[in-house]
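Letters are used for the chains, namely A, B and C, taken in the order the chains are written, and counting of residues starts over at 1 for each.
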Amino acid sequence: MSENLPATTAPEPGADTPQVRRTGTVRRVLRNPLGALSALILALLVLAVLLAPLLAPQAPGASTLSEAFAQPSAAHPLGMDSAGRDILSRILYGGRGTLGGAVLALAIALVLGVPSGLYAGYYGGRFDAAAGWIVNLVMALPAMVVLLASRAILGPRVWVLMVVLGVLVAPSFFRLVRGIVADIRGELYVDAAKVSGLGDTRIVARHVLIVVRGPVIIQVSLVAGIAIALQAGLEFLGIGSTSSATWGAMLNEGFQNIQRAPRLMLWPGLALGLTNAALVLLAGAIRDALDDRAGAARKRSRPRKVRGRPAGIEPATRTASLADATGRSPLLSVRDVVVAYAQADGTDKHVVHGVDLDVHPGEIVGLVGESGSGKSQTAFAVLGTLPEGGRIARGSITVDGREIVGLPEREHRTLRGRTLAYVPQEPMSNLDPAFTVGSQLAEPLRHHLGLSRAEAAARALELLRMVEIPNPEQVLRRYPHEISGGMAQRVLIAGAMSCEPDILIADEPTTALDVRVQAEVLDLLRRLRTERGLGVLLVTHNLGVVADLCDRVAVMNAGRIVETGDAADVLDAPQDPYTRTLLSAVLDDAPARPAWQPHPSTARTATA
Amino acid sequence: MSMQPSNHPAAHREVSAADALLSVDRLRVSFPGKGRRAPATEVLKGVDLAIRPGETLGLVGESGSGKSTIGRAVLGLAPVTSGTVTFAGRRIDRLSARRRRGLARDLQVVFQDPYTSLNPSRTVGDTLAEPLIAQGTAAGASRERIADLLGRVQLPADAASRLPREFSGGQRQRVAIARALALDPRLIICDEPVSALDLTTQRTVLDLLLEIQEATDVAYLFVSHDLSVVRFMSHRVAVIHHGEIVETGDAATVTGTPSHPYTRTLLLASPVADVAEQRRRRAAADRVAKKEQQT
Amino acid sequence: MLNFIARRIAAGAVLLLVISAFTYLLLSVPDIDVGRQLLGQGADQHAVDAKNTALGLDRPVIEQYADWLAHAVRGDLGVSWFTSEDVGTAVSGRLPVTLSLVLGVTVVTTVLSFLLGVWAGVRRGAVDRAVQIIGVAGYALPGFLVTLILVLVFAVQLGWFPAIGYTPFTESPGGWLSTVTLPVLSLSVASVAGVSQQVRGAVIDVLRQDYVRTLRTRGLTTRRIVLKHVLRNASAPALTVLGMQFVGLLGGAVLVEQIFGLPGIGSMTVAYTTRGDIPVIMALVMLTVVGVVLINLAVDILIGWLNPKARVA
């Protein structure tokens, strides 16, 4: 994703920032209809089961043989079973064993799984290795088989079997917690807490538990469902305890009488199904609520640069239009383009407000701006690859004189690759990790140009030579993770050039590279322009790159182009106040800091 | 880019052990390879550095050069294989966890990425309280101190009750700086503190760091890949390449008329925002490259 | 690659050894008087002792285990204490039934999960919501409850399939199909629910990757991108879940075989474990562990083939 995705803008100090509303997770779960419903069902079930002695018409074991298979009546709202026992009473009392057993299994699993997961994830080392081994061992055992074997060993007491079940599901908590903690351990904020002098216990309490809590709660409701199902399954097989009423045993009884009274299966089945469905739905609601809370934070954790513009600067009017008064560039011409994103509330959020741009054949045009200025959005609009929810709301884009705004996707696609090509910012994430360099280069060649396998391979080799990759034959056979970032960027440029496009859209093509590699890639782009008459739209935040490569430049701020002109003119004598601010922040011309003096108060005068 | 020659001699040697606040000697760090049989990779191969009180030492290098590892080793976050780290006359390279925590008063850090260096689910106030809690500061005094710190990094006082996601990258980096300042340290490791920030924000954060140094006489180890930023911030500059320091000297010399060929290539490869000057640089870089090809 | 497989098989053998020792010792804890159980309460104490000696139960547990192990490595799993059947023969006679189920469920799950998951992940919108609801429903209902509902509807009410019994494939392929259809369907509901969600999530995740956008800018069609790039990258996480479902399947088979009266490993487990017939239980546990080890190995090899970064050796 680009760093320019529309998001709420957080202004720099001075501007008033509206408080983001923070609501509790619990409240968010309950506001979700499914979450509220499932919580209500569970609460009612627990309550009914606890109050069984008050609610049940009679004792669960009391039987009146003459009333076997009796239909529901006022005295027995759910009817009677095959032995003339009241079904409602049996359901209520049976729930005690079912829910109680699940609670016991969960408690055991939590006690075993969570602390060990915390320890293994945080400290790693031998404990982690040993615990991991045991966990794999336990997870290799099918729970049902082990439970049956345990019953043979330990006898038919349900409570004992639930303890065994707890042990069997503990690994799922261990793995979950260990995984999360191992991730958090690598976070910079944990390093910062260590440097702040916090001990491990405090770090775990402040930074780790807060993150682990949510997923563990979700896992609890899922595991509760599994425990209930397994327990009922055992009882259904008739190997739980036989003395008391249980939902599983009731189902078994119904199953025995499936021809005569399948109705008997209804109520225990419903109780079981409802409980489990409520648990799963509740887990889903909690997950959604937690995602909601973390969503904004996660969205923000990736962008590389800050948005927002310095206070007091109004978007200035254009000082000069890039296009001549005579008309639009025959190669690429953008007029009055507005990019809008549909918001959740149905309104549109505009991120580009009427941009004009022209790129002539053999010309490199820089599109410069800070993050959030809309420069990448403009590039994606030209390519027709705006992220989900984004569209061109107004304006015109012509490529080789042909209007592409409103063009059906099928026709737009024929332009991509053959006329318009794209070089991305991050070289590594833009190559498919599962395919070799050669196969990724060959794919568009075969698709667009209809080359045979051998022809495509030969052409791919030629392309790698063109971007000056040493040992191209070997590189063709490598996977993306086996080559360096600089080489990956050359491969991407080769891929962009594969079907001999007329225009290259390069989105920060050197930002992820070291300066020496950057210089080489810039040289490569310069050579391609000269040799092939390529038009290049270069999106960048780096004014040095503009000075190095661009013929002309357009400066963007807050979705508008504030200044355009010859690169040399704009950099030497900026007209727009925003461009001036940008240039004044460049440190190229700032004097080096003078040598250190032992007396600090007199030493720092030449820094401004 | 001004190219005036400096009349200061290369400064590393002149920092005597007695002068130095931090001294790193023949520091080696290696990380175990992934998997049992993979060989360990040596990231630092015998690094020497020294920083005096109130001084900024800039550390420049490319990705993978080991520049961040030096800072992490000083902070006790990377394993030291051999060599020594001395802070205020005391060896700190092999401290127990408890002693290391005691060092928090003197030695602090500002990391590169302000998006991951603050816990997204803790308020700014919570984050700033962390070093104070570790020192056992009372809640009331702690609140006062946090308000004071926020003022020093020019953030509004109500920032304490808000979550990091409500702030921009530049503001978050100010929070990280405030956290580093909480205990009035004598040295702050600044690990690429502005490279994730936009140009204009970058400048305001750098100015803040300079201002703080002027007021408190804190020393900085300023790690960056950007020569112009390091030149602006540092009294002296060290250049690191493949885990070794190739050149050390005062900022004007190292970033203006470097003596090591690697530093020269680095300098010529960094583009400047001036078309004519950049054309000259490119020509010079081409000449150097041609000369290298001939030899 | 061979090196990797050899190491994994060695690790599996160690796992088998540990689990076998562990199980054997645990099974011996309750100190059941097997001879008495076999001969009945009225039997003569001498006869009971003689029976126990004949079974080797008068020796220390360690010795019993060593004896079992020595035979087991040679492929001799012993004789059932209670039925005197040869355990190897009994197990291999029942294996085809359970394998029919397991293979059937694996095929159904793989095909349906990928169809539903990819469809939902690519289309999103209403299709996605429908698939998610199916997923939650399938996941929420306990497997044997689903089975009972299917039996009630398709066997008892509609009479399309037999409610009970098994016809071997070799006897009548048509009969085999009609006896395994309902059991396979019942077991597939939960696994399709779980795996299709995983596929959907992985597809959505891959579609958001930078390289998918770059492939679009090369003019490739969405269809081609999904079928070639997205499917391959999304398969690895789905396979992991599929492997885990397999372990659960072995447990599910117990209930389903019991309900449909299928003479498979699952119903055998129920019948023999409750009596504490150690030779049979040991064989069943070993069989399950071997199955799990092999499946995990297959999943890892497949993932390595799909994702070169995860490749070992």
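Keep in mind that, in the parts below, contacts are C-beta pairs under 8 Å (C-beta built on N, C-alpha and C of every residue); 3 or more make two chains touch, one makes a residue touch a chain.
Going by UniProt, the chains are A = ATP-binding cassette domain-containing protein; C = ABC transporter permease.
Only a predicted model underlies this, so the values are computations on that prediction, with no experimental measurement involved.
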Any chain that touches subunit C (ABC transporter permease) and subunit A: none
Most extensive contact between chains (C-beta pair count): A-B
Distance from the mean Cα position of subunit B to that of subunit A, given in whole angstrom: 31
Rounded Å distance between subunit B and subunit C (ABC transporter permease), as computed from the means of their C-alpha atoms: 55
Residue ranges of subunit B touching subunit A (in the complex, touch as defined): 1-2, 6, 8, 11, 52, 54-56, 62-63, 72, 75-77, 97, 101-105, 107-109, 111, 113, 115-122, 126-127, 130-131, 133-135, 154-156, 162-171, 174, 176, 179, 182-183, 196-204, 206-207, 210, 213-214, 217, 225, 228-229, 231-236, 250-252, 255-256, 265-266, 268-278, 282, 285
Subunit B contact footprint on subunit A (complex, rising order): 10-13, 17, 19-20, 22, 187-189, 191-200, 202, 206-207, 210-211, 293-294, 296-298, 300-310, 370-371, 514-516, 518-519, 522, 541-548, 567-568, 571-572, 581-583, 585-596, 598, 600-601, 603-604, 607-608
Subunit C (ABC transporter permease) - residues contacting subunit A, complex: 15, 18-19, 23, 26-27, 29-30, 136-137, 139-145, 148-149, 151-152, 156, 163, 208-211, 213-221, 224, 228-229, 232-233, 247-248, 250-252, 254-255, 258-259, 269-270, 273-276, 281, 284-285, 288-289, 292-293, 296, 306-309
Complex contacts: residues of subunit A adjacent to subunit C (ABC transporter permease): 1, 136-137, 139-145, 148-149, 151-155, 225, 228-230, 232-233, 236-237, 239, 251, 254-255, 258-259, 262, 265, 269, 272-273, 276-277, 279-281, 284, 383, 385, 413-418, 420-422, 424, 426, 429-435, 443-444, 447-448, 479, 481, 492, 495-496, 498-499, 505
